[in-house]
Every structure is written in structure tokens, then in C-alpha cells.
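Each chain gets a letter, A, B, C and D, in the order it is written, and its residues are counted from 1.
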Amino acid sequence: MDYQHILKEIEQELASQSFSGEIATYIPELAKVDPNKFGVHLCSLEGNDYFLGDNEEKFSIQSISKVLGLALAYQLEGEKIFERVDVEPSGNPFNSLLQLEYENGIPRNPLINSGALVVCDILISLLEDPRADFLAFIRKISGFSTISFDEKVAESERQSGFRNAALANLMKSFGNIHNDIDEVLDFYFHTCSLSMSCKELANTFLLFANHGKLLHTGERLLTSSKTKRINAIMQTCGFYDEAGEFSFRVGLPGKSGVGGGIAAVHPGEYSIAVWSPRLNPKGNSAKGMAVLELLTTKTGRSIF
Amino acid sequence: MDYQHILKEIEQELASQSFSGEIATYIPELAKVDPNKFGVHLCSLEGNDYFLGDNEEKFSIQSISKVLGLALAYQLEGEKIFERVDVEPSGNPFNSLLQLEYENGIPRNPLINSGALVVCDILISLLEDPRADFLAFIRKISGFSTISFDEKVAESERQSGFRNAALANLMKSFGNIHNDIDEVLDFYFHTCSLSMSCKELANTFLLFANHGKLLHTGERLLTSSKTKRINAIMQTCGFYDEAGEFSFRVGLPGKSGVGGGIAAVHPGEYSIAVWSPRLNPKGNSAKGMAVLELLTTKTGRSIF
Amino acid sequence: MDYQHILKEIEQELASQSFSGEIATYIPELAKVDPNKFGVHLCSLEGNDYFLGDNEEKFSIQSISKVLGLALAYQLEGEKIFERVDVEPSGNPFNSLLQLEYENGIPRNPLINSGALVVCDILISLLEDPRADFLAFIRKISGFSTISFDEKVAESERQSGFRNAALANLMKSFGNIHNDIDEVLDFYFHTCSLSMSCKELANTFLLFANHGKLLHTGERLLTSSKTKRINAIMQTCGFYDEAGEFSFRVGLPGKSGVGGGIAAVHPGEYSIAVWSPRLNPKGNSAKGMAVLELLTTKTGRSIF
Amino acid sequence: MDYQHILKEIEQELASQSFSGEIATYIPELAKVDPNKFGVHLCSLEGNDYFLGDNEEKFSIQSISKVLGLALAYQLEGEKIFERVDVEPSGNPFNSLLQLEYENGIPRNPLINSGALVVCDILISLLEDPRADFLAFIRKISGFSTISFDEKVAESERQSGFRNAALANLMKSFGNIHNDIDEVLDFYFHTCSLSMSCKELANTFLLFANHGKLLHTGERLLTSSKTKRINAIMQTCGFYDEAGEFSFRVGLPGKSGVGGGIAAVHPGEYSIAVWSPRLNPKGNSAKGMAVLELLTTKTGRSIF
């Protein structure tokens, strides 16, 4: 399929539209980003790359990293991780603490903060050097050895991360955090601080489009079944309180971050990453959503 | 694809497994059903039928009817209905009343009880004779003129439907029910009481697999976009508290009912209905889930 | 004590203050009341009456009647009623439905709507003619044979009582409402519609100040222990979300109604009823609270 | 009044009763206590002391210290503290986190954990050496210079205090904790670890019975109005989920702790402390409740 042509069309159609959302400002580092940045990068399973705009500029991937943490924990521990975190959508966010209390400290899914904290806790128990090992994993999947944490962002997260600390402590009171709280939070904040470009993200998510194999080497990192489960979790839980809307408008498994990034995959066909920092009221990139909606419309490929 | 062969294989594989769940007993009529009933019916878009066991025996479709109510309301009113009911998954059920209270009487989606009550209220406002018109709509989609309500079941529902009455009254206190409560409940209980066979159900859901057109006449009842949205809603919200699990194991849009039925569609390929009354702890047909999981495994067609 | 002198002083002190709250308008009948009405009536255990302003004008006592329903049910059934309704304060009101769900349909106390509905249900099971018998009970306590329901108010309540219907249905789903929902609601709405003057109310509540005996005849209607419990319940639960504030500022057991009335007792000393329709943000009579605060300050009698 | 005689009677009456509750074991230090310990100490405003059993043996006063923290913060900061903590009862405990979330991090009252954490935070901002200054305050009120923290208990609290850490972090995310979380928690755990005898406790609470003046020196530490408010808060909020029951059975302002202690006051008459480690299902000393109930019955003095 002529993805480059389609991306160009999308670029033109969206050029005339204005996207008026705010950028995330809850941590100072995010507030400094130019709200008009815009990048797209698509990797097809044929091995081709297609892109637009600032596709090589790095940004804070934030919650998109939750998928990568899940992938590593799932690879290492298998189904056992689902004894400590469920795989169901979470409903509206106001009741996250109530939900944890009611369900004895078991988060609804690994793509909300509480669930990602449990995943981080699992990784700390498994890895010798969690930060370095996690980074090595992502560098390997992506093929980019320069991906790294943004220490300033990680520090910023820590200084305003009281709600995450509340979640971690509540789960620890139920026995569902095994390591030291500060260590778990520190690792979690680092995963959120990953700095990546659309190009790097799309290449990373190619693993999920390719059923768990690295495209270029053919090395299998995840079984086909595990990859399917990760995609299913992205489909139902990847967009905060807008998973249903995204399912309808885009119809691809994906994950968004408050930095304005979205990574998505069409299993068997391609992976894509978009970046535009202005967020819609539900916290997802407004223009990013529009790009993906147009893409699935123009390619005529929706899973529904 | 040789669906009949695949169904036979599934039948054999499951014959040796025992499914030990309980049947629904909250209303006397449901408790009378033989728990060992088992039927499967698949309609392909090529116009062929494939089936197993008790595929022509009628059972109470219960919540599966929520999809049909949604389809009719959506056809008649369009996007306006989503001002009164959202399209997001609902999270765990314990907080349904809290959610309604917190979100001013707007249900999370049309496939939970509160949402279906709003859909019924919308239909009452639009239809001259709601019960008769709704029945006519289903008879038309399915091509079976004998489909009808089971008055005994409807009456049973009414006599134990206090929780639904609580939901309806709470929403009315927020102005999100416009008609008389008793009329809304009566209509709702009737929709739940629809008695259909797997054959009838599969033929009915063919509409959603066929992008909104009746297969045999080619008549368009729903736009392609509306059908896509209905399928997306089924995908994210169709399985109570097991939507994520179903997404992973089966990967098809579908809807279950406590009568033990499940209807699902593979857009562009087929519709299928299964019936086995024993329920797993989350309230979905245990054997029905297994049939669908094997079907997507054996056909090698999962959307992820 | 020279209560008349104290009341006069209070009248003068408050004359210069303006009380700017709104009157209750959720039902049309209440919205018609002159917001500047003001009455006070105090009955001492010595048998004297002291009063100010519109003390003989009837108004809708609304939730004050919950104490009277409780008294009658307690008299007839004894401690058994507390198997169906607890005696603890209820916390903030936003979670009343959640609380009922979490505690299996058992309301926190008899002075919130859910609890009063259970009390009404208990009375319907016990009384031959609930409305007439309840009226007879109040006429007897008060000594005023002209006290009656205001049918217009009762009807108004019914037409906007969907939230109460939600509570009743939810409790019925837990088996904690035994009679027909409509009958329970109808009786409940009638109890709320009681029309009484400050004079009548104060004379009625004299029973609770006099340890359960009618002052004039000496007839015992409630044991001393039961009266103590009713007073304790008023103390901790009588002022919606302002019980703590009232405890501090006034320090008397009492009950308020959205009609702007408050009835309170100083056990062993007096009963008092005040009426001023403007409500503070928590739904209690603003001027009524001020009167009672000044009264306990000037008499130097606070239980703390 | 001949309190010694009454206490003797109570001792005899209760000797034949068995109290079968469990002692608190959530921290190892509490689990070591002999469950059969029993002490009572009453201080009258006439300056006399009356006592029974182990009245001079020290135990962990736990939450009773919340009243003392409140008293000190209220003395130093006045009404301003109620901008950061409310004075209303809290309803059932399951929703403490939900309540904080719904009410933007403002706890319901200062006698629940979240409220006491805010009080500790206030004190840290005001005091030069919070632990030492707090201890000095209590030593001064009580007249006992040997009262001190139990470091083992404080350390035990810290090691299992994840739920309190969750509360503190959640409130900090709303800006209602100003100091470092660890410092707040450390101070809080120390206040809970106070080790006092019934004799010391009763002498301490004499301040609240004596309208804010030290009995022996006549020095005023709290205004009469502030003392009244503290007593009112104890009355409505002092007994966890049993405030209503305690109001009815005992009818005195008081505060219990999971160490099995209860301190209570009859304003204008006496203060009393009881200790018996076996707890009833709501977490209050079973025998302690019985002692206080008999005391108010036998003295014929109930506020209701």
C-alpha cells in the first residue's frame, strides 16, 4: 500500500484544521515543549519506513512505556503476572483508589498507573539492574542504541508523583508491591521519562505488529500468543477514558501518552507512531487521534 | 473456509471437557432450563449455514437483545443517542450506581443495564408501539417472523427487577429517562425476554458482519459507519466484566446473555451464535467462550 | 429560667442580621413559602410555653417527621428495627447509594431518606391504616387534633421523588423493603408532607425532653431508654452533613427539615421548634441554627 | 458522688462477664500485651482520684493521641485548622480514600487517620521540635513528666503503615500536606506510640472536663469555646464506626484506641480512662465500653 501518499494526504487535510487542546503541564519539563510539533512515522512489515514532519525528534513517551514494561515482564514471567494485575478496562478514572480497595490491591490492567507500578515491581524483582536492563530491552527491540531516560523528566515526575505514591502504598498495604516503595516509584518514573522519536517508537512497536518477532533479525522475543494478548490489552485499555471512542474511530490497538505521543499497530501490517503535544479533554493527542482515524479510513482497514 | 469441519472438530474437542458452571437462577424461568443444552450456528457472508447440536431450540437471549435495541435506536436517532449514553467500557460492576451518580445519570455504554434502559426510553419516545415495532425490526433483520417475547420471562424479570428500577429512577432524577418509569421497565424486561434460537440469532447478527446490509435482499439498514461503531461497542463492552479476557481469547465483537447465549461477528466474514447455559463466574457461557476461542484459533483469524 | 426574656433578646440580636440563604424549591409547594417567615416556640418541662413571631403558622415539617416515624416504629417493634437500619452517622451524602450497596441494603441510620423509607416499610407491616394511625400517634403526642398531611405537598413529593424511588428499589433488591414499593413511597411522601406549626412541633417533641412521658397526662409512651436512644440518634445524625457543626454550635439533639424547620430538645428541660425557610448551603435553616446557638449560649447550658 | 463505690460495683458486675474479643495484632508490639489487663482511673473536678486494677500500668494509647494533637494544633492555630480538616462524622470506613478524593483531600474530621495526619502536618509547620514539643505539651497537661513515646511501637507502626502513607500521599497530591511525607508519617507514628497509664490519661483529659483550664494550677490552656468544640468532635467522631452506638450507650464525649484504651469526659464533672485490650468487632475495647455504660447508668447522668 502506498502509505507515503496516504500520509501526505493526511498531512494536507489536517493542515487546515486547528487543534486547540492544551499541552500537559503537570510537570515543568513537559510544559516546555513546543505545542506545534508534529511527527508521524510508520513502519510496514515489508520493511519500509514512511514519515512526516518531526518524526526524528525525541519527546517524552510517558505512558506509552507501560506497554514496553508489560512486554518485558510478560516475556520474563509469563502468565503469572496476571495474578497480580487484571486485563480488564478500568472504567472512569475517578474511582481508581476505590477500585484498588474493593479488589484487594489488584489493578484493573497493566496500562493504568497502578497496574504499571505492579509491573515495575515485578521487573525489580526479576532484573539485576532494572533501569539498565529495561533500557537494553528497548534498545534491542527498536534497534536504536541511543534511546535513554530523561533524568530531568524523571526527577520532575518524582516531585509531583504523590498520587502514584498513594497508589503504590495502598497496593503495598494489600501485599501487591513486594519491593521498597521508593525503589518502585523511582523505576516507574524513569520508565515514564523515556525519550524517543516517532521513528524509534514505530520501530519498537513493530514487534507487536510482527507477532512477537524482530523484523530485521527474525529473532522471536515474544510468542505469538503473548503478542496477541498485549495487543488485546492495548485495544481495550490503551486510551485512558477514551478506549471505546478510539476503538470506534481508529480501530487499532495502541497506547497514548500525555507527552502527546501515540503508538499503534495493525497486526500483520504495520506499526505507527504519531506525536502532537496538544491533548484533547481526555488526555490523548488531538491531532494524533485525527491522523490515525484518517489512516484507517483511507487504508480501508478497520478491524470492525 | 470449511466451517462445518471446524465446528465438528470443536464439538469433539469439547466433548471430553466438562463445564461445571451454574446456570442463571435469579428468575424462575431461567432456572428451568436444561444446563446441558448446547447449540452453535454460524452464518457466512457467502450465504451458507453451519451448525451443531440444539441450534434450532429457542432460549432466552437476555442481554444480547441490548445490541438489537441499540441498533434500532441508532438507526432512528443517529449520533444524538450518544448524548445520553457514553461508549466507554464500564469497569467493574460494583460501582454502577456510583458511576451514574458521579456522571450525572449518563451510563457508560449501551450494553450495560443502565445504558440499555436509556436506549429503551429513547425507543419509547420514537416508536408508536414499542414492543411490536421492536419485534418487527428483529423479525425483519433475522428473516424469521416467529421470533417473539416470552411473557413468562418478562413477568419474572419484572418481579425481581428492583435493581433495574433503582437504576431507572436514579437516571430519571437526573432527567435522563423521559418516559414513565414503569413503561420503560416493562419495555426493557420484554426486550430481555426475547426467545430465539442460535439459528435465528446468527441470522440476525449477520447484519453486523455485513456492514449494515441485509445479506439476502441487499437492503441497507445501517450505514457502514454505524455498524462499525456497534461492533466497536460490542468489542469493548460486550462481556460484562470479562471484555478484556474475551478480547484476548476470542478477539471478536460480541455480546453475551445470562441465558447462556453469545452472539459474535467477524466483520466481513461471518456471524455466529452459541448457546450453553452453564455460566463462568463472570456470568458468560463457559462452553460458549470455549467454542469461540477454538473457532478463532482454528480459523487462524484473530484481529490481533 | 426566664426563657421569654432570652427569646426576646435573641429576636433583637438577629433582627439586625440578614440571612441570605435560598428556600427549598425542589417541589413547587415549598417554593411558594414566604422566605421571611420566622417562628419560635419553646415548651418547658414546667409546663410553660414561650414563643416568638409566626409560631402558630403551619409549615411543611419535611424530614423532621423522620423522628416521629422512628418513635412510632420503635415503640411498636422495639430493638428489632435496628436489624434493618443502623444508628451510625452517614458521612457525606454523595455516597448514599454506594453505602447501601456496600452494606447490603442496610441504611446507616433512620434519619436519612433510605433509613426513613425502611421505617415506613416497618410501619406499613405493623399498622392497619398507616397514614391514619401515624396521624393519630402524632395528634396524641402533640395534643393537637388538627395536625394533618398536606396532600398537595405529598403529591409534589411523589412527582419528583425519583431518587427516593431509586433508594427504595435498591433496598428491595436486598430484601430490606417488604411491602410494595409504591405503597412505601406513598406513605413516606405523606409523612414528609406533615403540616405543623412551631407550637405543635415543640409540644410534640416535649415527649423526647420528658424521657418518654406525655407531660400533661403523665402517660408513658416510650421507655426512658428508648427516648435516650432517639435523642442520641438525633444528636449524631439529625443534621444531614452538618451534624458535627450543630453538635458544636448548639449541642442539643435535634432534627431539621428542608421546609426550614428545626425541632430540638434539652432532655430534662425543654423542647423547642424554630422555623425560618432560608437554608444554609448544607440544607439547614440558617436563622434557625442561629436561634438555637444563641439559646444554648445564653442559657449557659451546653452538653459539652 | 461516691465514684469509688460505683467503680467497685462495676468491677463486681463485670467480673462475672467474659469479654471474648481479640486484641489488636496488626503490629507486633501490640500483640504482646496481656489481653486480661484491666484498669480504670477517674479524676473528678473536685480533685479526687478513683481507680481500679491496672490503672498505673502503661499501655499504647494509639488513636487517643489524636485528641491531644488536635488540642495542641487548635491552641496554636485556632479556627484556621478547620480549613484543612472538617468536623463531621465520617460514615463507614471503606470509603475513606474515595471521600478524600471526592472532597479534594480534606479529611472529614481530625480523629480519623487522614485528619490526624493533617494535624501532624500542621504541628510540624508550627513547632520547632515537633516530637519534643508535643511530649512537653502532654506532660504539662497531665502533670506527669515521665510520659514518652515507645520507639519500638513507633517503628512497628512505620513498618506496616502503608495505608497511612497512601492517605498522606493522596492528600499531598491535593496540596493538603505541606511538609515532607516521611517527616509527617514519622511524627504521626510517634504520636500513636505514646505510652500512658489510665491514671496519666485521666489526668490529661481532665483539661477537657474542666473547660480548658488545668485543674491544679488554674492555668487556662484552651478557651472554653475551643474545649467545647473538641468535646463535640469527640462526641460525634470519637469511636470509629461506633460513634452512634457509643452516644446511645454511654453518652459522653470520648476517644478510643486499638490498644484497648478509652478516654472520656463528663464536662463539668470528671474525666475517666479505662483500659482492657480485647476489642469488639468495631475496634473499641469491649470491657471498656461496658465500664463506661455502667458508669453513666449508675450515676444517672447521661446527656440524653
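Observations on the model:
Here is the rule we use: contacts are C-beta pairs under 8 Å (C-beta built on N, C-alpha and C of every residue); 3 or more make two chains touch, one makes a residue touch a chain.
Treat the numbers as computed from the prediction; the structure is a model and nothing was measured.
Taking the mean Cα position of each chain as its centre, B sits at the greatest distance from subunit D. One finds 48 Å separating the Cα centroids of subunit B and subunit C. Computed centre separation for the pair subunit A/subunit C is 56 angstrom, with centres defined by C-alpha atoms.
The mean-CA centres of subunit A and subunit B are about 32 angstrom from one another, to the nearest whole unit. Shown for subunit C are the residues in touch with two or more other chains, namely 94-95, 98. In terms of which chains touch, the assembly is arranged as a closed ring, every chain touching its two neighbours and no others.
Pairwise chain contacts present here: A-B, A-D, B-C, C-D [touch as defined]. Taken in their complex, subunit A has these residues touching subunit D: 94-95, 97-98, 101, 162-163, 165-167, 169-170, 172-173, 181. Against subunit A, in their complex, subunit B makes its touches with residues 86-92, 94-95, 98-99, 102-103, 108-109, 227-229, 231-233, 235-237, 241-245, 247-248, 251, 253, 267, 302-304.
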